[in-house]
Amino acid sequence: MNRNYRSAVATAALLLGIFAAGAAFAQKQGGILKMYHRDSPASASIHEEATFSTNVPFMGVFNNLVMYKQDVAQNSLDSIVPDLATSWSWNADHTKLTFKLREGVKWHDGKPFTSKDVKCTFDMVMGKASAKFRKNPRKTWYENVTDVVTNGDFEATFILQRPQPALLALLASGYTPVYSCHVSPAEMRTHPIGTGPFKFVEFKTNESIKLTRNPDYWKKGRPYLDGIEYTIIPNRSTAVLAFVAGKFDMSFPTNLSVALVKDVKKQAPQAVCKIEPTNVNTNLIVNRDAPPFDNADIRKAMAMTLDRKAFVDILFEGHAGIGGAMLPPPEGGWGLTPAILQTIPGYGPDVKKNREEARKLMQKAGYGPDKRLKVKISTRNIPVYRDPAVILIDQLKEIYIDGELDVVETANWFSKVARKDYAVGLNLTGNAVDDPDQAFYENYACGSERNYTKYCNKDLEKLFDQQSMEPNKEKRQKLVWEIDRRLQEDVARPIIFHAREGSCWQPYVKGVTVMVNSTYNGYRYEDVWLDK
Amino acid sequence: MQVNEYAAELSRAGANVGGRWSAARFLARRYPLGAIGAAIIAVFVFAALFAELITFHDALSTNSAMSLAPPGAGYWMGADNFGRDVYSRIVFGARISLAVGMGSTALGCLFGVALGLLSGYLSGWVDLLIQRIIDILQALPLLVLALVMAAALGPSLQNTIIAIAIPLIPYVARVIRANTLALRELPFIEAARATGMSDLRIALRHVLPNTLAPLIVLATAQLGSAILTEASLSFLGLGIPEPFPSWGRMLSESAAEYVRTAPWLVIFPGIAISLVVFGTNLLGDAVRDLLDPRQRT
Amino acid sequence: MATYLVRRSLLMLLTLFGISIIIFTLLRIVPGNVVDILFDAAGFVDPADKAKLEAELGLDKSIPLQYAAWIGNLAKGDLGYSYVSEKPALDEILPRIPITARLAGMALVFSILFGVPLGVISAVKQNTGLDYALRLVSLSGLSMPAFWLGLLILMAFVAATDSIPIYSAAPKSFWQALLMYSVPAAAVGFRSSALIMRLTRSSMLEVLRQDYIRTARSKGATENSVNYRHALRNAMLPVVTVIGIEAAFLIGGLIVTETVFNIPGIARFLVEAIRWRDYPIVQNLVMFVAVIVVVVNFAVDMLYAALDPRIRYSD
C-alpha cells in the first residue's frame, strides 16, 4: 500500500513538473510587433549615435560580446551574460581580458563571424581602423584599451593599460554591438548587417523601420516574433491615441510621462504600463569661469536654493528620484543613500532653512532685495528642457536672482555650450550604463568632451582611477560614494532629479522587461512574444 | 466715412441720431452680430489693459502644491501642472494674443500699403519689381519662414509677430494695388495732379483714404487669423516661448495629454481663442457690410 | 495674347529665381548646420570630424559657389543627396508628392463640394434659420486652430470607434484607405470650405440683385435655372480668387494636418528637413512649392479671364 501510495505521489509530482515546465514553454511563435517611434533616427548605425532613438529599433539587429540579461530589470556586473563571447577571463594582473567566441555564427549576409570582426569593431571605435565613423561618441570609453588582439578565429583579447573590471559593463551596453569587417560604416548607417535575432528590412526616413526574423539566428528557437515594425510618429498626442486605439502593440519605450501614463490607463485600462527610472538626470551646468558664477558663494547659494521635491512633484507627480551623480538606490546600483544625501548642503529637507543660508551667501556677495542679480538661464527649446527651467527661474527668485529664459535651438545648443556662452544652463545627462566609470569619466574628467563646464579636480581624478581599478564591490562602493559626495559639495554640476518615464504595452505582449537603471540596454527583443 | 459724416447723412435721411454715441447705438441695432463681436473684443481688450487689476495670482509663479488643481476658490479656472493660475494666464494671455494680432496686422498692413501704393501709383518698372517681390513673399510658406527665423534669431514675441506679418503683406499689397490702379484714372486725381500736387501727397491724401475701406475689412479679419496662426506655430514648437502665457501654446501643450485628466487646461484656452476669433469675424463682417457694401457676406 | 503669355512666363521665372536665392541664402546664414545637429545628438564635438564632414558635404565652400553648384545640378536634374539619410533627394521627395497631392486635392474638392452648394443655399434662403445655422457653422470652422480640430477629430474617432484614421502604409481595406485620406482632407478643407461658403453666399446675393437676373426672371426662366445658370457662373469669380489665395495658405494647413494625422507627405517632411538643416531637401522642396504656387496663381488668373468676359489680359 505504501509503495503504491508513494509511487502515485511520485508520478503525480512528475506529471505536475512536466505540466509546469510545459506551461513555462508556452511562448507562441509568430506575429509582428508593432510599435510607434518618437522620431526618425539620424542613422541606423548604433556606434555613430548617442540616443536611444537608434538603440531601440536597431539593437535587435546585433549581438554584443557580452550582454545584460534581458529579463533582469536591474543592469549590473552580476547580470552580464554571454552573447557572442561564450566565456571570458582576466589574466593575473587584470590587464588582459580574453574572450572565447562562439562558433558557427553567421552574419545576416551569410558570411561567418570570426574574431577578426571583433578586432575590426573596436579598431573602428578606437579610431585606429582605416574605415572611419562619421561620428564616434564613445571613443573615450576605450581610452584605457591599448589594443585588441586575436588568437585564432575564436579568441579575442583586450589589452588594457590598467585594470578596469567595469570594462565589461561598457561592453554589455546596448551601445556596443559587434560590427563586421566586410561592411563599411556608410552601409551600416543605411543598411546595417549584424548577427542578431532580427534582420534589417528597410528604414524609410521619417516614416517607418522594418525588421524581420533571422531564421539562422544562433540561439535556437529565438526570436519568437516574425518581425518588428516601427511607425515614426513625431507628434506624441497622435501616437498615444493610436496606441489606445489598438493600432500599436507597444508604446515607444520610456516615451510616456507620468501624466500620459495616467491618461492611457484611463482610456485603455487593460494596458500594462511601467514607470521606471531612465538614468537620465536633469542638472545645471554652471560656467565657473565667468561672472556671476565664478564666485563660489553664488554657486553654492544656487545649489542650496533648489527645492528638488517641487521639481519632482510638478514634473513627475512625485515619481522621480533625488540623488547625486549616480542613479539613487534601489534602482541604481551606486547612488548616494538618503542618509548621505542629507548631509550635503541643499539636499536637506528643510528648504526654508537652506534658502535662508543661501540668501546670506548672496548678501555676502553683495546682492539683496534691492540689488537683484539678472542672469540668463540657457536651455534647449524642447519641453523636457524648458519645463524644469521655468521652475528653476521661479525658485531662483527666492535668492534675489531674476532669471530670464534663453531658449536655444538644438543646432546651436552644443556650440553655445562649447563656447561657454552661457551663465547657467539647464541640461539633461543620459548615462548609458549604471556604472561609475561611464558617469565619472564622461562628465567630470578633466578634458572630457562631455565635461561641459570643464570642471577639473586632479584629486578626484585620482579617485576615479582608484575606483575603476577596484575589484571588490564594497570597497568600490565606498569610493564611489566619497567621489559623488565631493562632487555635489563642490557644486560641480548640481543634479536636480533623476527622471522616470513610462512604457505601456497591450496585455497580449509578453516577455517585455523594462530596465530600471538604464534606457539604452534592453531592446534585443528576442524574448518578446505575442499571446494571440 | 467718418462716423460724424455718417451720423449727418443718417439725420438727413430722417433717422433720429445726434452725435457719436447715438450713431454708435444705431449701428449696434442695425448690425447686432457686429455689435456682439465688438463687445467680445472689448472685453478682451479690457482684460489685456487691466490684467494686473483683475487677477489675483502672478501668471508666472509656479506652486507645486497647487499642481493640476481643478477650478475652485482662488483659482477660478484651475491651475496647470506647474501650479500656475490658469485664469491669470488667460488674462495675461489676452495681452500677448492682442499684441500678436494687432502687431502683425499693423506691420503687414504698413508694408503692404506702402508696396501696393507704390506699385499701383507709379507703375512702370517699379510696379514690375514690386510685383515680383509680392510674388516671392507669397510663394514662401509662412511656416518655413517662421522656422528659419526661430532658428536664426531664437523664438520670441517680436519674431513671431514678424513671421505672421510677412504673408499678410502680399495680400494687402495686391488689394491696395488693384484699388490704386482703379482710382488713378479718376478725374479728381487728374485734377490734383494738374494743380501741381506732388505724387506722394496725392497718394497719401487722396488715394490712400479711398482704399481704406477694404483695408479695414482685411485688417479686422486678420486679427483673429493671426491668433490662430500663432496657435499653429506653438503646436509646431515655434511661436511665443516660455514663460509668456500664450493661449496657443497653452492649448497645444495640453491638448491631448490633459484633456481627460485636467480638462480645464484645454477648455479655457480653447474658448478664449475661439471667442476672440469668432468676435473678430463677426466684427469684420459687420465692418464690411458697413463700409464696403459691394463685398457683403 | 501670345506676347502676354511669353511675358508672364518670363516674369514667373524671375520670381522663381528670386525665391531660389532667398531660400538658399536664408538657410546658410542661419546659425547651425546639419553637421552641428548630427554631432549635437552625440553630446560632444570633435572639430576634426566636424570639419571633415562639412568638407564632404560641400558646406565649406563660399555661398555663391554652393549656389552655383546647386543650380547647375538642378538644371541637369540632379537634386543632390539628403544630408541625413544619404539617399538621393529625388528618391526622398518624389514618393511623398502624390501623398500630399491626394490630400490637397481631396481638401480642395471637399471645400468646393461643401462650400459652393451650402453658400448657394444660404444665399437663396437668406436670413432664415438655415442661413444663420450655416453661417454659424462656417464661422466656427474659421475660429478654431487647425491642430485642435484635427486632434478633436482623432479623439472622437478613438472614443466612438476602435479605429483611428491616421496614415497607414498598408491599409487593410478600401474603407480604411478612404478614411485615411478623407478625414484629414476634411480637416484641412473645413476652413477653406467655410471661406468659400461665405464668399459664394455674398457673390450670389450680389448677383441675384442685379439687373440681368431680373431680366431673365421676367423672360420666364424658372427659379432654379436663374439660380444655377446665370447667378452661379458670375458668383464663381471671387471664389476662384480665393482658391488662388488659399493655395499659398494651404501649405500651412497641410503641415499641421500631416503632423496630426501622421501623413508622410512633403509638408511634414519639409518641416523635419528644416529642423535637420537638410539643405538639399529644403531647397528643392521650397522651390517645388513655389513653382506650384506661381503656376496656380497663373491658372487662377486665366480662369478669371475665362469666367468674366469683361477681363482681358493685354498688359
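The letters A, B and C name the chains in turn, as written, and every chain counts its residues from 1.
Just so it is clear, contacts are C-beta pairs under 8 Å (C-beta built on N, C-alpha and C of every residue); 3 or more make two chains touch, one makes a residue touch a chain.
Note that the coordinates shown come from a computational prediction; the quantities given were computed from them, not determined experimentally.
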Which chain has its C-alpha centroid at the greatest distance from the C-alpha centroid of subunit B?
-> A
Given the two chain pairs B-C and A-B, which is bridged by the higher number of C-beta pairs in contact?
-> B-C
Cα-centroid distance, subunit A relative to subunit C, in whole angstrom | 42
Expressed in whole Å, how far the mean CA point of subunit B lies from that of subunit C is 23
Round to the nearest whole Å and give the separation of the Cα centres of subunit A and subunit B.
-> 48
Among the residues of subunit B, pick out those that touch two or more other chains and give their numbers.
-> 151, 255-256
At which residue positions does subunit A touch at least two other chains?
-> 237-238, 241, 267, 409, 411-412
Residue numbers in subunit C touching 2 or more other chains?
-> 31-32, 151, 155, 259, 275, 277
Interfacial residue positions of subunit A with respect to subunit C in the complex | 40, 42-43, 48-51, 134-137, 186, 189-190, 204-208, 231, 233-235, 237-239, 241-242, 244-247, 267, 409-415, 418, 449-450
Touch list for subunit C against partner subunit A, complex = 31-33, 36-46, 49, 53, 82, 84-87, 92, 151, 154-155, 157-158, 162-164, 166, 168-169, 259-262, 264, 268-269, 272, 275, 277
Subunit C partner contacts - residues on subunit B that touch it in the complex | 128, 131-133, 135-136, 138-144, 147-148, 151-152, 167, 171, 224, 228-229, 231-232, 235-236, 248, 251-252, 255-256, 259, 270, 273-274, 277-278, 281-282, 294-297
Complex interface listing, subunit C residues touching subunit B | 11-12, 14-15, 18-19, 22-23, 26-27, 29-32, 139-140, 142-148, 151, 155, 198-199, 201-202, 205-206, 245, 248-249, 251-252, 255-256, 259, 270-271, 274-275, 277, 282, 286, 289-290, 293-294, 297
For the complex, which residues does subunit A have touching subunit B?
-> 236-238, 240-241, 257, 259-260, 262-263, 266-267, 307, 309-311, 313-315, 317, 381-383, 386-387, 389-391, 393-394, 405-409, 411-412
